[in-house]
Amino acid sequence: MTIKVAIAGARGRMGTTAIQAIEEANDAIVVAALDYKYDGLHVHNSTVNDQCHGIPIYTSLAELAEHHAPDVLLDVTDPNAVFVNVQAAIELGIYPVVGTSGLTRSQLDEIAVLVESHQIGCIVAPNFSLGAVLMMKFSAQAARYLGDVEIIELHHDRKLDAPSGTAVKTAEMIQQYRPAHIQGHPEEQVHIDGARGADVDGMKIHSVRLPGLLAHQQVLLGGEGELLTIRHDSFDRKSFMPGIMLAIREVMGRKELVYGLEHIID
Amino acid sequence: MTIKVAIAGARGRMGTTAIQAIEEANDAIVVAALDYKYDGLHVHNSTVNDQCHGIPIYTSLAELAEHHAPDVLLDVTDPNAVFVNVQAAIELGIYPVVGTSGLTRSQLDEIAVLVESHQIGCIVAPNFSLGAVLMMKFSAQAARYLGDVEIIELHHDRKLDAPSGTAVKTAEMIQQYRPAHIQGHPEEQVHIDGARGADVDGMKIHSVRLPGLLAHQQVLLGGEGELLTIRHDSFDRKSFMPGIMLAIREVMGRKELVYGLEHIID
Amino acid sequence: MTIKVAIAGARGRMGTTAIQAIEEANDAIVVAALDYKYDGLHVHNSTVNDQCHGIPIYTSLAELAEHHAPDVLLDVTDPNAVFVNVQAAIELGIYPVVGTSGLTRSQLDEIAVLVESHQIGCIVAPNFSLGAVLMMKFSAQAARYLGDVEIIELHHDRKLDAPSGTAVKTAEMIQQYRPAHIQGHPEEQVHIDGARGADVDGMKIHSVRLPGLLAHQQVLLGGEGELLTIRHDSFDRKSFMPGIMLAIREVMGRKELVYGLEHIID
Amino acid sequence: MTIKVAIAGARGRMGTTAIQAIEEANDAIVVAALDYKYDGLHVHNSTVNDQCHGIPIYTSLAELAEHHAPDVLLDVTDPNAVFVNVQAAIELGIYPVVGTSGLTRSQLDEIAVLVESHQIGCIVAPNFSLGAVLMMKFSAQAARYLGDVEIIELHHDRKLDAPSGTAVKTAEMIQQYRPAHIQGHPEEQVHIDGARGADVDGMKIHSVRLPGLLAHQQVLLGGEGELLTIRHDSFDRKSFMPGIMLAIREVMGRKELVYGLEHIID
């Protein structure tokens, strides 16, 4: 069976990567694009044209569904657009796969209810990089045994915020497994402010910003006489492609909301 | 409940570490030592004396059991002694925890049968370091998604053999999850023999030997645009203590042979 | 003073990077391009056009010099073209900066003689990355004190040859400082061929090839109780730009052949 | 020629290491120990006894010199004792080698004057680890070309202060070579205090404290498209031995005060 995928956000950088991923897979095809404009035109990679080649654009998901009967809606738009798209998809019996971290807690709750009442799967993935998801998952598991944890995340110096969202997410995932306790020397003396990093429940996060760097993170877990380090280097957006395909394949067999790829890999 | 532990191999370096681990725990005590000599004397840490302080030594496990009724026999002797000790323990209703990689396949099979017929648990752990076991386990799991793997193991230059047993064990564990395939450029040109390392089913192992180093290993798993690295540094034999205690606690609830700590951590 | 630069190889990837580097500097300009064809046309970035905008192309260096009087010829062509270009430049009183590792020993000797008789500087740089050159230079210096060395170079799996040219060059630079001796355990037992890597004078080189990787190298120098690691990560060709500018500025003050940027940084 | 060394601080951990270093060298011997007590007894490794074996103890350097005519006084005592010892040594024509970071600026100035007037060499080394000194020296040199620097230092969690003295010293050495400038995104938004580490002149220092760790530091130097990392791992106090011997050999050929081993290695 070939999975028929409609894509929202086809003209963006993530959309381009997604289209490429699906085109390279032999069990899925992109049948149409959902967009807020350009109805009736075509998108090919990230460019729009009016020729018949490329992916036909619709501004209405209902109309798109009528013509192309997609199995899955892959939504890589922004948080504002995504909620409405997902609701529409579920009503039409299309399985949504969403790549954004911007949905609120209450929006996710609403989706969960809707999904259950329609007996349809939905996957929301804040991060499509399997390597990054594995890093977070393994770090959380390891923290049960090696409970002293520090996170070093390293990014290019054009990154505005610190710590990174992935570092904070990692710490939160670890929190669920790590027995709460104070780390370090109880009478620690910090001679220059900030030396010991940002504190999340006793765990420390250090943010490095240097020109040249791309996106990297390492989680250090210490125990008596040993250290376990789990590091992820993200060199290129292509790293999202396997995660996108995994989600597309997996969503069809689900009947509930799955939040985070960590729940569909083992 | 306090777990009563008898220990075989108490005079060795591993035995000393084990005694220290049990003494520091508040749910287990060492009640006696099994040795091939020094019957009636005592062992305290790694030294033997004839005073009443310290751990009483027995050369017969039956006699030891009669006086001290141990729950667990922790065996950190050599491969030659261990098989007989384990058999005797099972017959006496004592749960064996064994720290050696030297048991043969057929010995393990025999133990499995014996254990089942007596409905008693037995844990055999080639490696008591939780960090090392986690590294191996995570590497194997990750290889399902990032199937191109190279292992770099680094040891002091007094180590005789290459690659290390842990590196080979890691590769074998990964083999069970990684789809078999050729790695690297199909027309690879190696200009100096050995540059590409040892080959295990397409995976490469590189052995570094330098003065100064202790025992380190990193597993590199590559995917399109990303790299996941799992590294373990072993700085001190104390790192075995949590694994020893975990096995002692866990074995009491088992009724089968468990080979490898990776099966009792999750 | 603004340094006037003529560039040979302007249409290649390295040429594009070089033009960008010079354009961003405020003490140098590109005045003309030397090419084997397209005489009279213009090059802008890597494209050729016939408009008056862009860099004018000449097929004769003499004619180029007559119209633009360049101070420096930056040659980033291939090894075949470079030797003739450099000879012509020296005869015309233009200072050559060459970015190739392809010149033979005898060609370099000839250039050295020519350069001296004309009292003109010439810099030949096999590698314009300052970071890579520093890694090699520091490794060589450190080997006087920490003489046990292993090199791990890591590249994407489309790289054909192993070990990398940079790794071999690094080992050769280290050889000049490191007292010759055998490394590792004298009775080392290698159970799987290649585990201990490629041997260069006792030093070991390990080549890792994985999808996702770019170009990385680490040099490990071990001593009793300590390890010094010098690592270089090359993420983007832009890393060549500072080295190109350094060479252009430096060559004007020289009256001899300099082979390798390591001799003009300290 | 065999260098005759007197040692102050022979009973401490550093003294024990120093005696071992000198005993293993074939061009130096320990002739006597200077101590504040135990006059007339002997020290062997770190224990004192009254037998004639071992190193004879003197409480007066003058008396020690009369009987043993040492060439060098190696002082590994505490900052309180060291200044008086060094003054006495210089007056007696003995070359001091001092292993402490505790001398004040004005004490060092006084020693410099004294040394010059007596035309005698003196080496003061805050750190005898050649690897650590090379790391600092190389980092400073590299910062001329890769001026964006962050330091990550990692120590066991019994360490009281942060950042480490070596990290601060490294930053100070780099300051002399690195053009002053602000690093990172000018509008950086730090969401959890301390994420960006301790600030030293724009450079950032991050202090990691975990059980299991020993003493480690890495200096990251970023440039457009590249990263240079210089890392030092200190696994054992034995790493001080080559630095001690280097200083002992080198001091005899000097006629001035040298502060820091970085000035006698190249």
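Going by the order they are written in, the chains are A, B, C and D; count residues from 1 in each one.
What we mean here is this: contacts are C-beta pairs under 8 Å (C-beta built on N, C-alpha and C of every residue); 3 or more make two chains touch, one makes a residue touch a chain.
Quick caveat, the model's predicted, so the values are computed rather than measured.
The chain pair with more C-beta contacts between its two chains, of A-D and A-B, is A-D.
Relative to the C-alpha centre of subunit A, the farthest chain centre belongs to D.
Each chain gets one centre point, the mean of its Cα atoms, and the points for subunit B and subunit D are 40 Å apart. Subunit A and subunit D have Cα centroids lying 49 Å from one another. One finds 37 Å separating the Cα centroids of subunit A and subunit B. Residues of subunit C found to touch two or more other chains are 212-213, 221, 223-227, 233, 235-236, 239. Those residues of subunit B that touch subunit A in the complex are listed here as 129-132, 134-135, 138, 141-142, 144-146, 218, 221, 223-242, 246, 265-266.
Those residues of subunit A whose C-beta lies close enough to touch subunit D in the complex are 148, 150, 152, 154, 157-163, 168, 183-185, 187-200, 204-213, 220-227.
Put simply, subunit D touches subunit B in their complex at residues 212-214, 233, 235-236, 239.
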